[in-house]
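A, B, C, D and E label the chains in the order they appear, each numbered from 1.
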Amino acid sequence: MIELIIGKYNYWIYIALMMIGFYAMIAKENLIKKIIGMNIFQTAVILFYISMSKVRGGTAPIEWEHAVRYENPLPHVLMLTAIVVSVSTTAVALALVIRIYKAFGSIEEDKILEMKGDRTGKPPESVL
Amino acid sequence: MISAENLPILVIIIPLISAIITPLVGRIHRSIGWLVALLATSLSFAYSLALIRSVMENGPISYWLGGWEPPWGIEYVVTPFNGFVLCVVSFITIVITLYARKSIEQDVSESKIPFFYSLYLLFFTGLMGIVITGDIFNLYVFIEISALSGYALVAMGRERDALIASYNYLILGTIGASFIVLGIGYLYMVTGTLNMADLSARLPELYDSTTVRSAFAFFMVGLSLKLALFPFHIWLPNVYTHSPSTVSALMAATSTKVSAYVLLRLMFTVYRPEFVLTVVPVTKILLILAALAIIIGSVIALAQTNIKRMLAYSSVGQIGYIILGASIANQTSMTGSLMHIFNHALMKGSLFMVVGAMVYRTGIVNIEDMRGMGKKMPFAMAAFTIGALSMIGFPFTVGFVSKWYLAVGALKADMWYFIPIILLSSLLTAVYFWRIVEAIYFREKSEKLAGLPSEPAEAPFGMTATTLFLSLLCIVFGIAAFIPTKVAAAAAKLLLGG
Amino acid sequence: MKEHIVIRTVSRLLIPFIQLFALYVIAHGDISPGGGFQGGVIIGASVILYVISFGMEDGRRRVSESISDFMNSAGVFLFAGIGVLCILAGGAYLEYTAFAGKAAHGEHAEHALHLASHLGIYGIEIGVGITVAAVMMTIFFETARHEDD
Amino acid sequence: MEIIHSARPLYAMAVSAVAVVLIGFSYERPNLREFWTILAAVVKFAIVMSMVPAVLDGKTIEYSLVTILPGLEIGFKVDPMGILFAATASFLWILTSFYSIGYMRTLKEHAQTRYFMCFAATMTATIGAAFAANMFTLFLFYEAITLCTFPLVGHKETPEARAGARKYIVYLLGTSLAFQLFAIFLTYNAAGTLEFSSQGILAGTASKTMLTVIFVLFIAGIAKAGIMPFHNWLPAAMVAPTPVSALLHAVAVVKTGVFSILRVLFFVFGTDLLVDLDIGTAAAYFVSFTIIMASFVALTKDNLKARLAYSTVSQLSYIVLGALLLTPSSAVGGIVHIANHAFSKITLFFCAGHIYAAAHKTNISQLGGIARRMPWTMAAFFIASLSMIGVPPVAGFVSKWYLAVGSVEALNYPVLVVLLASTMLNAAYFLPITYKAFFEREKEDEYHHGEEVREIPIMAIPLVLTAVGSVIIGLYPDYFIALAREVIR
Amino acid sequence: MMEVIYILPLLFLVACALTAVLMKDLLGATIILGAYSLIMAVVWTMLNAVDVAFTEASVGAGITTVLMVAALSRTVRGEYEPAHEARGWKRKRFSITKVSGFFVVVLTAAAMIYGTMDMPDFGDPNAPANLHVARRYIEESRHETGVPNFVTAVLASYRGYDTLGETTVIFTAGMSVILLLRRIRRE
């Protein structure tokens, strides 16, 4: 049991982080908070991949004459993509939040849901 | 030069490059963006057809990107299974592109139209990339391309509620995608590979590993979110209701289908059929979920007053059909499931296009206001009637073909109890579509309609013609069902490891 | 913020160096950490820094909307185009070694292949850099825009 | 048995399909439009009749149109039973066309183009059902008939019409989707084919329980046959214009229902299997219940069309009963009754429509003395009601005779009692009408406008012809009986 | 000892994440998120993932924070307190979201912990992930592509197509933001 906990402590941390982010994404009412949660969530996944790439006694995956072992380069490559995806999603989400704030005057989900279907508001395009 | 062996990449790269140049060339004249989109989707469809023909004759095609042999590099694989989906997606997209031209002018301001078409093409590229790839991480990348472009497309809806729909779609879509990437990580961790064929070869000895199993659970949850399988469907009704008509049609006809494809691909070709059937009998859970989706989707659809929302809930039910056929997992039901991917794309595509045409001309989205519409827009409503009959599963329409396969498949598997479910949902579908058909033709015009000029007024030619075309295809392929069935049956055989 | 002379001066001094560093990062992606993406982000960040210290209008004067729009597309186009060139040169998509042509089988085969490979990799890194930089600017410009401008 | 491959059944179908298009395009010229209707009706009858000699020679005409999926084929096969039904329906269509024109023009109905288009479309589907070579094709046309007649039932577009039409579609579409389709799935799964065969296709393919389930599902799924408790759509459909009630709800639609049941009984199950299963008798009692109950309900109806509707419900069950008794004579009686009932019932409906068009009367209690103003009509009505009761020499007698003989052959005396009782009931609800029309005095205040009530030739002639027709088949039944014997041979 | 030093930033990460999620002031939460990213970059550097750390530092800590601050400047800064405004059933619904969210999270965490049981130990050089494809990249990439940075070799050559996809994702984001936020040109 102890080995299980010690041997994989990186993984436990990533699970904890991921759950914090996940919780914020589904249970927070504030739209920006959801985005913050989303960032934590996605970074946690990246942490998982990077932990996986770690090799005991390894060095950075750049050719080096003294190197005994290298870290696994593949997860690094994959996670570069994941970071890009993360920032892209964040950007789009923020753009949406700005539009929502203009259209509804709020970024609180429950307040917005109350207003939903109320067609008296200005159409979103016209406020730009 | 550009020879036949490069077909798999051309299918993807032509729309991709078109998407890249659209924002630039689109500025020259407002219809150029559309022309580029049309050209790209047409070429992509032509190449997909060439691919499927070659695959049916000569067997699967593997394309090594960068010239690296898999599993070192990324591989594109074309089999009857994904060739079929490629053709379906690209074909429907051409039709919707033709339709989009006028429709989108109402939803998107003129200076943004090139950007719209760029995202439209990116969405399409993403879907095609998802389908054709044989590498599991590449799959994720393309899922993100289509998802990101999808969010923006949905937000283009006319009402401000579209923004909320898009935002929720984004959050749930990201959760789904993150689960998928997590699953990929788990699989990579225990196998060391990302190539699907390689994974499939290495996984069987690891079936007992908790890592492999929980990876599977993550895939299921992630894809169910993308697929809007009950009870993960919550984002779908809002998205379909508030998107621009073109986008609703496109999404309903293609994106959930592609997600269903991915689910099947993972269940049956990355994991093997024996894993999902015996080792961890997920198909049992999926059967229940599918049955619930079919019934609950239909029941909720019954209660809707907004036509787009009704169609959306009906989609929730129809997705259940696809999953049902796949989970029964015999040759017949699997064929039915694959046929339903195609058939439902035709039916739902045409129905959403009808609604789009109606919104374009009259602005009506409430079922109550559709009374007497048959006199106002006779052609569009004819298309609606055909689509409705097809959804009900009337013989001579595509809807019947898939129901036939699903029912016979269920009987062959000794699961006769799914037939009452299928039939009950047909009945419910009949009720919620028929009340509209009746209102369209046999009731005096609604107040809203009476306020408009009384002479018949169809949507612009491009919209009406494509809508009618698609709905006529519902009949054509209801009769000539043997053409797509041949491919679907080959694909089903492949999936079940035969 | 426009009034802060210190910030303005420091930025004016720093930005060329930041951009130079970015170019270094892009160019040396093959031997050290970094590459097109990181370099692109740094270029984008330098422009953002400029905008923060000199204001949106000034920023837009330096990098106009049409330029950033053009760069958005140009970078990916370069990337995807290199892939197509590989096909035209007789290889698979993004198979850079196709550029080596006949030399791939000659005396200095490995050298030729490495050269072709480097050529392709530089090409795509530059493509990535351009797009990333442009998109970062675009996103910032669009997100930070205020009602009054 | 010799098989001829010919597209003639397809042509017989297609004639009216082409007419649908032509009628649709000539909506601005009523005369041309009606010309197409009549032309199509005549041509269709000619094509159907041209196939009769071959069929009487014991040949079958087959034509396979398209194979949708392996096992799902749209195919046509002309056999005696099919031709009997097709000939009856297509002949009556000619008369109904004239009658319709008179009816629609006299009443200046709206949406006449839609009316004639749907009418022609329904006839296409009816002929398709008559010539269907397999259960799938039959199901297809069965459903198509429901759809094509829906606009006809809801023709008036009033709230009642809509309610009636809704009931119509709910019953017919609902039962066929829920039960018939289910039965077809089960049949296909068990037998591996849906092709009709004179020996039946289900024998020995599944357990007895399963076969019984299939049987019950089929009977419940074919609601067009009007067997209780799925009969309610028929009275509801009486909101349609009378020619529709006449041709469709006395001939095409309901006969497609009983025709489908006969097809299922003889060609899917096969007589031997039914005897084996031993469900014929139970089902026969079940059907007998419909015969008696419907007659009782008919007694209580004052609305003429409603009474005719319940009479139809009752009479349809004769046909099913004949088949279920599983004796040669009863089967002949049942099959012949398809034609006999068609001629008589269409006459009755024609009369009802004529009375409505000419005198604007719908209820029996208003009919006092009307025979003096409309003698031909009421004479035809009298003849047709004799046929319903089963008095010689009118057509109904022939079928009832065979049914009675069959029930004796089957040693099934309760059924005999049912037949006798229903005859009494038929008499009880038909004869008073005639009595009222001929012998009672008309009430003065009935004719409030003081307008002259006269018979309208274009409507009167067809109904006289059908009445005469029913006498002729009553006198010379051999032709139909020969066909019926071919069926069960 | 080394491991303890390493564990500290990990715990700090958790603390930052919790604070960012719980903090009411959105601007503060954003800044803490930036700090979180920066620490994350440090952790990755310690794990020798230099390329990724570099990217995270510039993107996560830099660009994302800037973008969020920019977005906040156009919306509102604080998260409002539902307790003051919502009464009765609305209040209840609010807590239902939290409770059900909590259960979903616990369920997911359970699945993850279950999945972690059979994972190779952290840093195991003989883990399958390091043996199959990755080994070949390390051994052959210099020879095959001539690039000493393995990450670049894989990124640009072996999996160059993924990178095209990645660039496309960025491009898509750019197009999306333009479509969503760009002001309509008045002609």
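The definition used in the following text is that a residue touches a chain if its C-beta (ideal position, glycine included) is under 8 Å from a C-beta of that chain, and two chains touch if they have at least 3 such contacts.
Every value quoted in this text rests on a predicted model; they were computed, and no experiment measured them.
Hopping across touching chains, the smallest step count from chain B to chain E is 1.
Common partners of chain B and chain D, by the touch rule above, are absent.
Taking the definition of touch as given, a chain qualifies here only if it contacts chain A and chain C alike; those chains are B, E.
The pair of chains sharing the greatest count of C-beta contacts is A-E. Comparing the CA-atom centres of all chains against that of chain D, the greatest distance is found for C. Of all chains present, the one whose mean CA position sits nearest the global mean of protein CA atoms is B.
Work out the mean CA point of chain C and of chain E, and you get 23 Å between them. Put simply, the C-alpha centre of chain A and that of chain D have 69 angstrom between them. Remark: chain A and chain E have CA centroids separated by 4 Å (rounded to whole angstrom). In this assembly, the C-alpha centroid of chain B lies 36 Å from the C-alpha centroid of chain C. Residue positions of chain B touching 2 or more other chains: 16, 20, 23, 65-66, 109, 137, 141, 144, 148, 151-152, 155, 188-189, 194. Residues of chain D found to touch two or more other chains are absent. The multi-chain contact residues of chain C, meaning those touching 2 or more other chains, are 31-33, 37, 69, 72-73, 76, 80, 83, 93-94, 96, 139, 142-143. Under the touch rule stated earlier, the contacting chain pairs are A-B, A-C, A-E, B-C, B-D, B-E, C-E. Interface residues of chain E facing chain B in the complex, by the touch rule stated above, are 111-112, 114-120, 127-134, 136-137, 157-162, 165-166, 168-169, 171-173, 175-176, 178-180, 182, 184-185, 187.
Residue ranges of chain D in contact with chain B, taken from their complex: 66-70, 72, 74, 136, 139-140, 143-144, 147, 151, 154, 157, 161-162, 165-166, 169-170, 173-174, 177-178, 181-182, 185-186, 188-189. Against chain A, in their complex, chain C makes its touches with residues 31-33, 37, 139, 142-143. Residue ranges of chain B in contact with chain D, taken from their complex: 389, 392-396, 401, 404-405, 407-408, 411-412, 416, 419-420, 423-424, 426-427, 430-431, 434, 438, 441-444, 478-482, 485.
The residues of chain B lying in touch with chain E in their complex are 16, 20, 23, 65-66, 68, 71-74, 108-112, 115-116, 118-119, 122, 125, 129, 137-138, 141-142, 144-145, 148-149, 151-152, 155-156, 186, 188-194, 209-215, 217-218.
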